[in-house]
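This is the structure I have questions about; it appears just below.
Chain lettering (A, B, C and D) follows the sequence in which the chains are written, and residue indices restart at 1 in each chain.
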Amino acid sequence: MADHGSKTAEHHVVPKRVYFLVFFTLIVLTWVTTYVATLDLGRWNIFVALAIAIFKASIVALFFMHVFYSTRLTKMIVVAAIFWLILLLFITMADLWTRGWMGVPGR
Amino acid sequence: MGEKSFQIFPEAASTIAGHVDALYAYLVLVSAFFSLLIAFCVVYFAVKYRRRGDEIPRPMDEHSIGGMILEIVWSVIPLGLSLVMFAWGASIFFTESRPPADSMEIYVTGKQWMWKIQHNEGAREINELHVPVNRDIRLTLTSEDVIHDFYVPAFRTKTDVLPGRYTTEWFRPTKVGAYHIFCAEYCGTKHSGMIGTVYVMNEADYNAWLAAGSGEGSMAEQGQALFNQLGCGTCHPSEINKLNGRCPNLFGLFGTTVELNDGSKVKADESYIRESVLYPQSKIVAGYDNIMPTFKGLVTEDGLLKVVEYIKSLGPRNGMPSSATSAPAQTSGPQPPAAPTANSRAGNPATPGNR
Amino acid sequence: MDSPTVIAPGEAGAPPHHGHVEHHFEDASQQKDAATVGMWCFLVTEVMFFGGLFLAYFAYRQAYPAAFASASNNTNLIIGAANTTVLICSSLTMALAVHFAALGKRQLIVLFLALTLLLGATFLGVKAYEYHDKWVRHEVPGYHFDCRTEEGAPCTDAAHTPLFFSLYFGMTGLHATHMIVGVGIILFLIAKARKGAYGPEWYTPVELFGLYWHFVDIVWIFLFPLLYLIDRSAAK
Amino acid sequence: MITATPTVQVKKSYFNQKQGLASWLLTLDHKRIAILYLLGVTFFFALGGIFAALIRLELATPAGDLVESNTYNKFFTMHGIIMVFLFLIPSIPAVMGNFCIPLMIGAKDVAFPRLNLMSWYIYMIGGCFVITALLMGGVDTGWTFYTPFSSSYSNGYVVATGLGIFIAGFSSILTGLNFIVTIHRMRAPGLTWFRLPLFIWAHYATSMIQILGTPVIAVTLFLLVLERGLHIGFFDPAYGGDPVLFQHMFWFYSHPAVYIMILPSMGVVTEIITTFSSKKPFGYTFIAFSSVAIAVFGFIVWGHHLFVSGQSAYAGMVFSVLSYIVAIPSAIKVFNWTSTMYKGAVRLTTPMLYALGFIGLFTIGGLTGLFLASLGMDVHLTDTYFVIAHFHYVMVGGAIMGFLGGIHYWWPKIFGKMYNENWSKISAIIIFIGFNLTFFPQFILGYMGMPRRYHAYPQEFQVWNVLSSAGASILGIGYLIPFCYLLWSLKYGPDAPPNPWGAATLEWTTQSPPLAENFEVTPVVTQEAYTYTTEEVVHVG
C-alpha cells in the first residue's frame, strides 16, 4: 500500500458527552449572537457576528464532522477549502476596497 | 489610416504610444531570444543525440550540484527579466491612469452601437471625435446599456465603458490625422460597426471646427438648463456661502471631500454626483435629511453628464490637485494651456457659474 | 465487471466482514478511506460553490451598507433564531445516528435518522413559511418589489434593497435545495437501516451522509448572521 | 523480449471481453469510459472546428458578406463554448487520464467507477443542452457571457447554454474528484509519490483546479440564469449590481481553466519526451512541483483579464506581478523538457513530433502571455487579435498538440493497433505549419489594433486575415488526416506489442489492449519512474 496502512482502518468512537457539549455550546452561541444583534456595535456588528459564526462552524467541523480525529489528508483538504475560499473572497474584495483610492473614476 | 493595405505596425500618434512601442520591442526581443534558444536546442539535440543502435543513455544525476545550479539559473533569469516587464508596464499604466490636472475634458456615452460625444463648449458628435493636437485630453465615459470599450490603437489606449459608472481615459495626441476608434468589448450584434474616427487637428482648425459646431450653448449651460428644468435649483443653493439647511450647497462642491451621515467620507467626483442624482439615499450628507427623490428614469446619461459639468463649473475646484496655481482659469471646466490664441476662441462661454 | 464482486466471508484469503468491498479495492479499509476522501473533496467543491454567493454578498454589502442594514430588518429574527436551533438539533441527532451506527445499535440508528428527518423537514417548513411571507409582502425581487419597514415607510436606500433579497433567495434557496436532497437521502438511509444494512463493520453511507448534513448546517450557521443579524440594529 | 508475431486466436482484452451496445453504455471500466469520452470530445471538436472554419471564411474579406453580424456572433460564441467547455476541458483528463491513470499506478480501476460513468452521462447531457440551444438558434454572448449583455440584452438562448455549461461543469468536478481519490488511495504497493510518472502529477494538479475552481463558474452561471430567467438581479447595474463582479467570478474559474487544459497536456508531453529520449526526465521533482505550483498560483492571477474593465489600478498591479510569478514554473518545465533530450537517445516518432511541436508552440504562447501580463502593454493589446493568437498558441498549440501526441502515443495501448508512421508524421508536420500560418499573423493583427469578435474590419487588416484563413484551411486538412489513418488502423493496422515504444511506465507492462482488470497480478513497484533498460527498447515500423 502506498500510504494507506492499517492505521486508518481503526475507528475513533467519540464519546457522547463531546457531542452534547458541542451541542449546548452551539445553542448558547446562537442565542448570544441573536441577542448581540439587537445591540448596535457600529462597525463591530459584522465582526462579532462572523467571529461567533466561525467559532460555531469550527466546532461543528472539528467534532460533529470528526476533523479533530481525522487523518492528516482530511485536515489538509479542509485547510485547502478554507484557503481557496479566502483567496476568492479577499482578492476580489481587495479590488472593491481599493477602487476609490486613485481619485480617478474607473481606476 | 486605411491608405496602406500592407502594414505590420499601427501609427503612433500619442505621447504614450512611444513608450508602449519601446516596451513592445523589449518584449519581442526577449521572446524571440528564448523562442529561438529553445527551438535551436530542440532541433540540435534531436539531431545530435538521435538514437543509434540499442544503447540506453546513462541517466544524468539531476541531484548533482550542476543540475541544481541549472534549475536555479533558469528560474531566476526569467524572473528577473519578467520583473522588468512588470515594472515597465506598471509605470506606463500609472501614467495612463492619471490624467494631467489641466486636461481638456470630453464626455463620451456608448450605446448599442454608437459613440455619442459631448464637448464642454457644447459641440456634440456621433462616432467622431475632434481633438486639438498636443493637448492633454481627458475622456469621461459611460454606457447607456452594455459594456463597451473605447479603443484608439494609434494612441495605444483603451478603457471599458460601463453602464452605471464612469471610467476615465486620457491621451495627448502628437500627430495631426485621422485614427480609428474601435469598440473593443463585445457589445452585441453590430459590435464591429461601433467604430468611429478621431480627428486630431491643429489648434486653429480645431477652434474653427468648434465655432461651427455648437448652437446650443456650452455643456455647463445646457446642464444648468436641465438642472433648473428638473427643479434641482429650488432646493440646492448654488451660490457661495448660501445655506438653507435642507439641501447641500453645490458651489465649489466638486472635488471636495464630503462627510456623510454615517461618518464616512467620500470624494465629490463625477461618480458621486451621478449616484447622488440617481440614488440620493445611498449617500446622505452629514447634517441633512433623506428627502431627495430619485431622478432615475428622468434624466438620460447624456443629460447627467451635462449636470455633472454644470456642477463642476460652480465655483473654484478645491479638490483638483494642481489647480491652485491656475485657479481663476479653472472656473469653466477645461482651459487651453499655453496657446494664447485659444483663450479667445469662440464657443468658450463666459463662466456660467458666476453669472 | 458490471457488478461488484462479492467475496463470501470465510472464502480462502478473504478477510471476514468484507462483503461490501468492490472488486477494484484491495480491502475494506482502502474502500472506506477512498469514500471518505471523496466525500471531503465533494464538500470542498460545495464550499467553493457557496463561496461565490458569499462573495456577491460581501461585495454588495460593502457597496450598499445602508440598504443591507435596512433590508435585514425585514427578516424575522425570532423565526431565524428558532430555525437555527432546529438545524443545530438535527446536527446533534445526525451525529448520534453515526455514533450508534459505529456501535451497531440498529434501532437507535433508525430512531436518530428519523429525528434528523423530522427536524430537517421542520426547518424546510419554516423556510417555506418565510418565503410565503416574503412573497405576500412584495419582497421578491423582480415581482412588484417594494421594500418597506415595519412602519410602512420605504426602506433606506430602497433602490438597492432588491440586491439583498436576491442574495437572500439565492443563498437560502440553494441551502434549502441541499436540505431537500438531504431529506431524500435520509429516507433512503432509514429504509436501508431498518433492514439492518449498517453495523459497526460497515456504516460508511451513514457516516458520509453525516458529513454532508453537518456541512449544510455550517452553511446555515453563516447564513443566519449574514442575512438576519448584521447591522440589524444599526438601521433602527 | 517482445515478439511481434501475430497471435492466431483473438486476444482477450477489455475491448472484447463483453460485447453489445449495453455493455458499453453501462460499463464501469475506466478504459471503456475513456473511449466513450473519446467519441464525445471528437464529436464536439469537429463541431467546434466547423464553426472555426466558418469564422475564418467570413474573415477572409473585410466586409461582413458571408453571413449577417448576428449569425457571425453566434459562430464565434458556439466555437468558444464548444471548444472550451465540451472539448478542451474534458479532452485529455477524461480520455487519456481516465485510460492511463489506473494503469500507470497499477490499479484495477479508478476509485469510483459508477461516478466515472455518471460523469460521462452528465457531460453528454450538458452537451445536449448546448446543442439544443444551438439548434434553437444559438447564443451570441461570446463564451465569456459578460453581463449585462448576457443577462439583459442578448437575443440568444443564454439560459439553455448556461445550464448546459453548468451541468457539464459537474462532470468535470466529478472526474477531478475521482482522480484525486484514485491517486491518493489506489496506488500499487511500492508506488510512492516520487515514483509516480509525471503524467500523474500533472493530473493531480489539474484535478485540484477542477474541484476548487469549477464550482465557482457553476454558481456564477447559476446567478446569471436567475438574473436572465427570473429577473432576480445580481450583476446588471440596472438592478444595482456590479458587472465587474461577474467578471471576477467568471475568471476565478476561467483563468485556472486554462491550466485544466494545459497541465494534462504537459503531462503527456513529459511522458513522450522521456520515452523517446529513453532517458529519465531532467529535474523530476522540479517538473512535479511546478505542476502543483501552476495549479496554486494559477488561482491568484485572474485579475489580469480585467486590467481595463474598471478594476482598481492597485488590484491591477497586484495581479500583474502575480501573473509573472506563475510564468516561472512554466519556464522551468520548458527548460527541463529540452534538457531531457540532452545526451538522450532521441527517436523522432509521431508522438515525439507532436511533443516537440508542443514545446515550440507553447513557448511562443507562454512568452506572448508575458506581453499581456504587462499592464501598459495589455491596455493596448487586450481584446484584440493578439489575445486570440496568444490563447490559441496555448490551447491549440499546447493542449491540442498534447492531445494528439497522447492519442498517437497511447493508440497502440488503447486499441492494440499500430497506425501508419509515414502518414502520421506528414500530418503532424502539416498541422504544425498550418497552425503557425493561422495564428502567427493574428499577433500582428492584434498589435495593429484589430479588436476581437469583429464581423467586419477595416481594409488594412485584410492581408493578415487572408493569410490566417489560408493557414486555417491547411490546419483543417491536417486535422482530417489523422482521423482517416487512425480509423484505418483499427481494421488494417498491425497488432501492437505490449510496449512498442520501449517506455518505462506501468501501463506498458500489461498487454495491448489491456485486460478488463488491467493487470493479471497487481504490480509491485520497486524503483523510481522511468528506469530504462536496454531490453525494453524495440524497433518499430
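Simple rule for what comes next: a residue touches a chain if its C-beta (ideal position, glycine included) is under 8 Å from a C-beta of that chain, and two chains touch if they have at least 3 such contacts.
Everything numeric in this text was worked out from a predicted model, so none of it was measured.
Interface comparison, A-D versus B-C: the higher number of contacting C-beta pairs is recorded for A-D. Here the spacing of subunit B and subunit D, counted between their Cα centres, is 37 Å. The distance from the centre of subunit B to the centre of subunit C, each centre being the mean of the chain's C-alpha atoms, comes to 47 Å.
Listed for subunit D are residues 184-185, 212, 216, 240, 244-245, 248-249, 310, 313, each touching two or more other chains. Within subunit C, the positions touching two or more other chains are listed as 26, 30, 33, 37, 41, 44, 47-48, 51-52, 55, 59, 63-64, 159-160. Counting partner chains per residue, subunit B shows two or more touched chains at residues 97, 159-160, 162, 165, 167, 279. If the chains shown are joined wherever they touch, the resulting network links each chain directly to all the rest.
Across the complex, subunit D meets subunit B through its residues 64, 69-70, 73, 140-142, 144, 146, 148-149, 152-155, 237-238, 240, 243-244, 277-280, 282-286, 307-310, 313, 316-317, 320-321, 324-325, 327-328, 331-332, 334-336, 338-339, 341-348, 356, 359-360, 363-364, 367-368, 370-371, 373-380, 382-384, 444, 447-449, 451-460, 462-463, 532-534, 537. Subunit B meets subunit A in the complex at residues 97-99, 140-141, 159-160, 162, 165-168, 266-267, 269-271. Within the complex formed with subunit B, the subunit C residues making contact are 64-67, 156-160. Residues of subunit B touching subunit C in their complex: 262, 278-279, 281-282, 290, 294, 296.
Note for the complex: subunit A touches subunit C at residues 1, 4, 6, 8-9, 11, 13-14, 16, 19-20, 22-23, 26-27, 30-31, 33-34, 36-40, 42, 45-46, 49-50, 52-53, 56-57, 60-61, 63-65, 71, 73-74, 77-78, 80-82, 84-85, 88-89, 92-93, 96-97.
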